[in-house]
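Next, two complexes with chain A in common: one pairs it with chain B, the other with chain C.
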Partner chain A sequence: MNNLKFEATQYTPEISLETYGEINIKGKSYPENTFEFYMPILQWLRTYFTEPNAPHSLTVNVEITYFNSSSSKLFFDFFDILDANKENFNITVNWIFDQENDSAKEAGEDFIEDFVDLTIHLIAK
Partner chain B sequence: MEHDVIKNPLIVELELLRANFDKTTEKLIKDIQRHEKIMTKADKRQKQEYDELQRKFAEVEALQKEIEETQKEVIFTMGSIGESRSKETGNHVRRVAEYSKLIALHYGLSEHDAEMLKQASPMHDIGKVAIPDAILNKPGKLTPEEFEIMKKHTELGYDMLKHSHRPLLQTAAIVAHEHHEKFNGQGYPRGLKGANIHIYSRITAFADVFDALGNQRCYKPAWSDEEIFNFFHKERGEHFDPKIVDIFFKHLSEFLHIRETFKDPI
Partner chain C sequence: MIDIHTVKKLIEKDGIVFLAYGGFLSQTLIAGMTEALEKEATESALGMNESTNIFTIFIELAQNMMNYSKSKNEQASSNKSEGLILVGKRPKQKHYYVLSQNIITLDDKEKISPKLSELVLMNKEMIKQRYRELRKSGSEAHFKGGGIGFYEIAKRSDKLTYEFEQISEKRYYFRIKAIIKTQGKVLL
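So, the complex of A and B:
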């Protein structure tokens, strides 16, 4: 299993997936084909949880400033995978948002509401 | 024999199916609810974004209008400065602007180009700001030396305007440079001939002369319409582009209407 890195584009966020147990997603997310774009990320996450040598903790830092509805859907799928593995892994999500950005804040609140057993921190910048 | 473990296998299967069905249904309901939530949020965001976008568009539009108006005013004022030095009235540049647009449209230029010429033509004499008052406002005829200096206002104007990349100022630069060229090549400063003189300049040259002839100047009285018409007939293809002279006579009433609308206060 390898680290994965995606540079930010006009439509997609910068993403780094670190095998030592950290995921960083930062930027805007409104790709033309959202599902296709996030496919390798979800795949990496699934592999992480089945990897025997993977660390037992995972920190996810998400700072999304703008996103389309398909991205919301993909974030839910992403959180589903986290949720399914919360018993065996020590998972922490830091949902980072700008004070002014109500949409980003509300999205974070939605995840907390839907995934009550996940540790999700809302962090206002 | 343990009678309590005996269960109809069909029932076992059905119970299993029901459990699966419940699980799937639960997941489907959850998915649908999630989807609805996403859509509601997306609609809300979309509305905010579109409201914001419209607000910004309105702002940009207002700003653009402001810029355009300012530009027009600055250009018009520059033109007036050039004219004021030679004791013209502000209405002269206004009329030249209107005549220029009218001719441009009848000549077949696009509305955009005609409008640009209208805005640029008032600057044709801007170079006169650099001509000494004694020559500019001299009653009577200039000496050959004085006339040589006077002629320089075309190049002076061009030099003032040529550095800008704005289409409007480029147009103004061309017109300032060439508005004393004559169709037959006898004009100044370069003695350009026919179509080598930019159409903008040929148009403004006509508009400027037409307006100047009908008004009194420090060096001449106002001409009658008859004198003006005779002059244009004589200069058709000489001083002026014949097509412009034809346009003038064909649409004379429109020219006279502009003259009347923007006449100088008595």
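So, the complex of A and C:
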């Protein structure tokens, strides 16, 4: 299993997936084909949870300024995979948002309500 | 087809227009227009909430048009990513708006029409709740998008209006307008 890195584009966020147990997603998200774009990320995550040598903790830092509705659906699927593995892994999500960006904050609050057993911290900057 | 005169009249009637585009849409073009909107937002000292709501609604409508617009010609089976989209401001009414027009098939009209007529009657809390239910069930998910696009637009606008105008037996103009009020000055 390898680290994966995606540079930011005009419409996709910067993403780094680190095998030592960290995921960083930062930027805007409105790809043309959201499903295709996020597929490798979801696949990496599934592999991480089945990898025998993977660290038992995973920190996810998400900082999204704005996103389209299909990205929102894909973030949900991403959280769903985290949720399915919360018993065996120590998972922490940091949902980072600009304190003036109410909808980014609200998106984080919605995920907290949808995934009550996941550790999701809201971090205003 | 909307002519330039109509567009001009619309612009004059509907206040200051940040962005007006009529034609074929591509992802690169949408990204470029979003960047132009970001610049406008910075220059107009727009608040972060209003700006991100405008960007999101614009992207949702533009990507909808890119994916679902049809040719006026019923015989043409392929998509024609063509339409008209405007983003503007009406200072007196203290609001911003995003307006789009494109051509859809009768089938698409019948799919979105019940969804929209229900949506415009719902309050914000109901919309947010439905949005999360649909996102969770995934039942509305389809190939090109989450299927929750109209709910995303409704969540982020203060008023949503739409209309269908028949062109031929199976072709309709679909127009939708989302209003985003200026924060702090007008109550939601």
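Quick notes
In the analysis below, the second predicted complex is superposed on the first by the 125 of 125 C-alpha atoms of A that agree within 3 Å, B and C clash if a C-alpha of one lies under 4 Å from a C-alpha of the other, contacts with A are read in each partner's own complex, and residues count from 1 in each chain.
The rule is short, and it goes like this: a residue touches a chain if its C-beta (ideal position, glycine included) is under 8 Å from a C-beta of that chain, and two chains touch if they have at least 3 such contacts.
Not measured: the values here are computed from a predicted model.
Once the complexes are laid over each other on chain A, chain B and chain C cannot both fit and instead clash. Contacts of A:Q10 after superposition: chain C is touched, whereas chain B is not reached. When the shared chain is aligned, chain C comes close enough to touch A:T34, but chain B does not. Legend: residue contacts after superposition of the two complexes on their common chain; A:A107 is shown touching chain B, with no touch to chain C. More residues of chain A are touched by C (comparison of chain B with chain C).
In the superposed model, A:D98 makes contact with chain C only, not with chain B.
Using the contact criterion defined above for the overlaid structures, shared-chain residue A:S72 touches chain B and also reaches chain C.
The clashing stretch of chain B relative to chain C, chosen from 45-53, 171-179 or 189-197, is 45-53 in the chain A superposition.
Shared contact residues on chain A (touching chain B in one structure, chain C in the other): 68-69, 72-73, 76, 103, 110, 114.
Put simply, chain A touches chain C in their complex at residues 9-11, 30-35, 65-74, 76, 98, 100-104, 110, 113-114. Taken together, the chain B residues at the contact with chain A in this complex read 34-35, 37-39, 41-42, 45, 48.
By the touch criterion given at the top, residues 68-69, 72-73, 76, 103, 106-107, 110, 114 of chain A touch chain B in their complex. The part of chain C that touches chain A in the complex is made up of residues 27, 30-32, 34-35, 47-49, 52-53, 55-56, 59-60, 63, 66, 128, 132, 135-136, 138, 141, 143-149, 151-152, 156.
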